[in-house]
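What follows is a structure written as structure tokens; I'll ask about it next.
Chain IDs A, B, C and D follow the sequence of writing; residue 1 opens each chain.
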Amino acid sequence: MSEMTEPTTEFEPRITAFVCNWCTYTGADMAGTSRMQMASNVRIIRLPCTGRIDALFIIKAFERGADGVIVSGCHPADCHYTAGNYHARRRFIVFRELLSFMGISNERVIFSWVSAGEGAKWREVVNETVERVRALGPFTAYHELASRQMVGGAYETEVELPDVREAPAEAGGAS
Amino acid sequence: MARIGVFVCHCGENISRTVDCSGVAKALADHPGVAVSMDYKYMCSDPGQNLVKQAIEEHALTGVVVAACSPHMHEKTFRRAASQAGLNPFVVEMANVREQCSWVHEAGPATDAKAIDIVRTIVEKVKNNAPLETVRIPLTKRALVIGGGIAGIQAALDIADGGAEVVLVEKEPSIGGHMSQLSETFPTLDCSQCILTPRMVEVYQHPRITLYTHSEIEAVDGYIGNFHVTVRKKARSVDERLCTGCGDCQAACPNRKIPSEFDAELGTRPAIYVPFPQAVPNIPVLDRENCTLFKGRAKGREKDLCGKCKEACLRSAIDYEQQDELIDEKVGAIVIATGFKLYTIGREQPEGLSGYPEYNYGEIPDVISGLQFERLASASGPTGGRIVRPSDGTVPKRVVFLQCIGSRDPEKGISYCSKICCMYAAKHTMLYRHKVHDGQATVFYMDIRTAGKGYEEFVRRAIEEDGADYIRGRVSRMYRDGDTVKVVGYDTLAGEPAILDADMVVLCTAIRPHKGNKNLGRKLSVTYDQYGFISSAHPKLRPVETTTAGVFVAGACMSPSDIPDSIASASAAASKVLGMFSGDELEREPTVAIVNERTCIGCFNCEKVCPYGAIEHIDVCNRDNEICGHVARVLPGVCQGCGTCVATCPSKSVELQGFTDEQIFAEINALLTW
Amino acid sequence: MTELQDLARKLLEDGTVAVVIGWEEGRRGPRPVSITEPDDTERLVFNARCVHNLATYLDPRRSQVRKLGKPAIVVKGCDTKAVAGLLREAQFKREDVVLIGMHCGGVVTDPAEQTEVTAETVAPRCAGCDVREPHRTDYVLGEARVEPPQNTSIDERVAALDAMTADERFEYWATQMEKCVRCYACRQACPLCVCDVCVADKTVPQWIERAPHARGNMSWHLVRAMHLAGRCVGCGECERACPMDIPLTLLNRKMQQVVAESFEYHVSDDPEVVSPIGAFRDDDHEDFIL
Amino acid sequence: MSAYAFITAEKLAELVADLMESGTRVIAPITTAEGRATYSAIEDLSEATFNQGLPMPSLKGHFLPPNEALLSWRQRGGDIELKPASTQFAPQLVLGARPCDVEALQVVDAVMNWDYHDDLWNGRRAASTIFAMTCAGVDDSCFCTAVGSAPDSARGADALLTELPGGYLIEFTSEKGEAFLGEHGRYFDTASDEAVAAADSLRAETRTRIEQNLVVDTARIGRWIDGHFDDDFWPTLGPRCNGCGACASVCPTCHCFDINDEQTGVGTGVRRRNWDSCQAKKFTVHASGHNPRGDQDARYRQRIAHKFYIYPSKFGDVLCTGCGRCVRACPSNQDLVEILQTIDGLAAVEEGGAA
């Protein structure tokens, strides 16, 4: 956090949301148009369709230290592209089990169908996810795996890496 | 090196009330790759847009990020503005700090931080945006209409009248479809033939319509604007160029006892026949399965057993040796209008449906279908419009109509409502009462559904003016009781059994899709529902489009529909076709997928997930020009840009322009920076 | 054995194929061999130590094998599932390869150390085998064999992991992932990993960190398991190939279980059986979706 | 320059404990909970399991880690700030390493100090004291004696231990080793003649046993490779090879790496070097897409040629110390012992010498 703001004592989760353009993104817009107040921890990445969401996106988000991930798209039968959400659903049926088996709690990956008219549901998804992840605490374990390797692990050169986690706030110091 | 311009909009106070807009602009000024960052009261206003345009020129920007409202709101506005300033519109993106930030959070550092994050994310994305050009694909301004019922006729005429050429393909020997079999039509009770026949003739005579009857679609290749269609013109055994339609051959045919399809098997026809007098074209077809000559040949007789029709024909138009003909047609658009068929009650039920053995249809001759009743009531029908019992030719005094035979009955395999039966049952009671003044019509129904102009009034008339008796309930059993049919039902309103004696029973059978729909669907990469009806691209927003670009759908092949609905959807499909034909090329959004053919391994998992059939196989050749493999290619004219193929491709060999892996990676990178 | 050698000789002599891919004895047990000369066919062997899934040699991008000409390949029933997987994904045409199927009575886990199939040595993948007689090969050789003892250790290990807390599982895998040196022996041994450029080798963008630290390794193995879900034939070659003894089959086995439970799909030796990849059902379960 | 001493097991444990106390890291072969042998940092000598199973992978990783950060960068405006990795390392003692692993370090030193001096490698080398231990051999894939090494070679080591009843005979073989003895003499006893004799006989016995596995003339092998780039022999090896890097990763002498930049955020990242293998298809792909080693025939030939012709031509030593790990690790049972035997045989026929 910047020098100008008090360091917050409570953990603020960082949540990345991958949403489809036609339903959930529009639903989130609708929440805005209706001035529904919600937690500000979620950052949206807009995609055409949940069918476009590769498991790699979620892996990368966790790798980078996201505390939670939301995936959201059109309800079944409502897909703008008729079937992208069905393919996504099947993909995530498998992927969430895999994540869980790898030890990444399903509590941190939230899937939802939010239609363009469900601004209120979007707010619920956002608020509930933020609260749930806040209760779980930060998820840095994946990110920190970079310092672990068996061979010569203790000899890992500790390059002093710039801690850019502070960078956005620093850049936003003007606020 | 990227030179991105960032333009933060206050939206009056809509954004600036909760977000420190100038702070955001300042924060972004330091961001790597940002050449200029500014804020302004109303970015979408003329002066605001001019700021963007000026900056593009002054700073030679390679990308523009407008931090303002939702892209659904003003993305087009700013892309147009950038375009006017000479920048490719696809390097302009919106950072949504209004709907998804200022309007949903209170003022404070967390909201400012989020706003900055949103803008940074989009800046990082835009650094990876590629300038894209509109996809242009050639266009053949010629349409294929599959099916010559009322929907196909309407679509063909509308398109042809609009100036484009039409190829109309009909499976039966004549166009006209089910409508030509009807007596009168609801809710006006005007004669079906009288309104249909002129349209059929119009099709036949239209200078821009090529009509193939007794023909089917053999194969379809290509994509929107550029379909190659192979039509199988089945052998008619009659030379159409020579035939005058005089009817001498029909009269000469000795084999006259073949059940007439047109009369719903209540009448008969010869082996060489014109299905009905007003048929278009008025050219007979020889039914080889029932022809004595061909049956003899099939059994291996060396000498033909008959030849009377050929002898009778003064024009020598009869050609027993005629073969099926394959005709290639190139078209730009296709309208599917294959219509429907009726639930084949009592007979063998295909596709896992179960019939109604308890009604003894087929056993009791006076239990008939609704279509058979139409033929009985029709002036051109086998009885000349007299309503009589098939068993003994007497006039039935008590006629019972059963609605929902098959429809709305998951047990029988059909959950949907067939939509037209309520109306035509009411019509039947009226037609019956008009012809048999002392007759009593009784209708067993589940619900009466009369949504449509004049429909409710029509049913009320049947009940109130023409005395039809409506019983809410279902019939569990029917059996022969001497001369009459015992109808055992239950009146659910009265809460008591309703056991009736009837002289004739009419079953209002469900509308079902043609068996051939699935096959046709596969040929056209068009999806169909669980029953086999053709699916729309979107049930609400794109009702007459299909999942394949350039293929449209009309009439009852989509779902049960009556004549006005069929015509409306046909005209809608025709207007879509004409819209498509309004330019010389087709223009498509460039946000489509492209395959890296060098890394594609040709597993075609992309093809399996593509909802639009946009993936084609192309050969890969080695240096000696021998085919050594296959890879996928996306047809840009067909792709709609969902990106499902991209996420499915194991080797990351497909990219979705506008949402590439690099762009999304950059966004994640920006959001979760360490 | 002579039956196999005779057939291989015949196929080479009459020009049906240009190379027969099978096993020969090596110092550390049988090993893959490509026989191009009829006189070399007597080197061919088949026994319980022939563990390799030779379908991996059908990868159309193995140019050193392709340039030998049309292959015949000796397969166990389980290997034919991998052949079916490759056919399902259009990697070659069925008529482009001659399949010599062998009746199989199970194989050992470690052919360098073990010779006979016993309850202790039998490979876990032989449990529940439904293709001890290959079904879709051009030839089926050998005698029908008795069913080997069952080794259910994989399912037990999966269940043991399932029983842990998420954090315990994470630590378990983190420790395993530390070992990975990204030699890609798993990928290269896998008959279904046939991408010309693997996602792990792509650097623009670099979805999978190339560095063999536990983070990059975990992402790599997650993606590999994901790419194999519904495709993996359970041959266990990845784990056998791993020089660091990472229990990769646990991941693949878990995915097999999920695919079986969720989509009623069991990997088949019939290429016509549609894989759950690229398919969906309107009523796929979604109890996890808000 | 060779000085013998004897150290009891107890004293060795004490020595190790004291070294650790003073900040020296101690690396030794251990057996993991899973039962695998590997080289690892220990906290107590009791963790060490000498001569029990061949550690996988080799000792190499402690000098050239599978991944190693070289530098980090950060972009600020138009400036890019670089922070190189430190090349200063805390002292470490490698205890009880196999001679094949230790000799490999010295072989690789040559390439690490040829046109470019690799400070990270050299830094670790300088910080390390290495006590090899006479090897009892593993199995019939051991062939150190065939490539000029030996189960009791002290080449590259500062000392060689030989396990005897009650303790270890230790022979200091370098200046660093002797300095070590000078500094830590209190832990060591004088070696008795009996102990030296017992060790000698043990060493001779192991050598003899391993010599039975393979005897070849590596110089002759190098000459044959030089003249047979397009020999029909190579395509008999390529088809079997899966093209993975299992052999290279477990090999004590393979030292190729790939340098890769990883973004950690906007304008920030780390440059790392990661183990690579010449058996990987992508190893030689040019930016144009052309691959001079187009198939596994060429790639496998490269592996053998580099180890037995190219490297010795440039640096003298063959790039192999006969540990046999590649033989044991190969999923397709590619067999270097057999390959060397075959080439040696071909060379013998051609040169008219004895096979």
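Basically, a contact is a pair of C-beta atoms (placed from the backbone, for glycine too) under 8 Å apart; a residue touches a chain by one contact, two chains touch by 3 or more.
Just so you know, these numbers come straight off a predicted model, no measurement behind them.
Any chain touching chain A that also touches chain B appears here: C, D. Each of B-D and C-D has its own count of C-beta contacts, and the greater count is at C-D.
Here the spacing of chain B and chain D, counted between their Cα centres, is 70 Å. Taking the mean of the C-alpha atoms as each chain's centre, chain C and chain D sit 32 Å apart. One inter-chain figure worth recording: chain A and chain D are separated by 44 Å, centre to centre, where each centre is the mean of the chain's CA atoms. Measuring from the averaged C-alpha position of chain A to that of chain C gives a distance of 35 Å.
For chain B, the set of residues that touch two or more other chains comprises 30-31, 120, 609, 648, 661, 665, 669, 672-674. The residues of chain C that reach two or more other chains are 181, 197, 199, 206-207, 209, 211-213, 216, 244, 278-279, listed in rising order. Residue positions 60, 83, 87, 143, 149-151, 153, 156, 161, 164, 167 of chain A are each in touch with at least two other chains.
Taken chain by chain, the contacts link every pair, so each chain touches all the others.
Within the complex formed with chain D, the residues of chain B that make contact are 30-32, 120, 124, 598, 669-670, 672-674. Chain A meets chain C in the complex at residues 55-56, 59-60, 63, 76-77, 83, 86-87, 89-90, 92-106, 110-113, 125, 128, 141-151, 153, 156. If you check the complex, the residues on chain C that touch chain B are 60-61, 89-91, 194-199, 202, 204-207, 227, 277-279. Across the complex, chain A is touched by residues 161-162, 166-174, 177-179, 181, 199, 207-209, 211-219, 222-223, 225-226, 229-230, 244, 251, 254-255, 258-259, 262-263, 276, 278-282, 284-286, 288-290 of chain C. Within the complex formed with chain C, the residues of chain D that make contact are 34, 36, 56-57, 61, 66-67, 140-141, 235, 238-246, 248-250, 258, 260, 262-263, 272, 274-275, 277, 280, 282, 294-297, 327-329, 331-335, 337-338.
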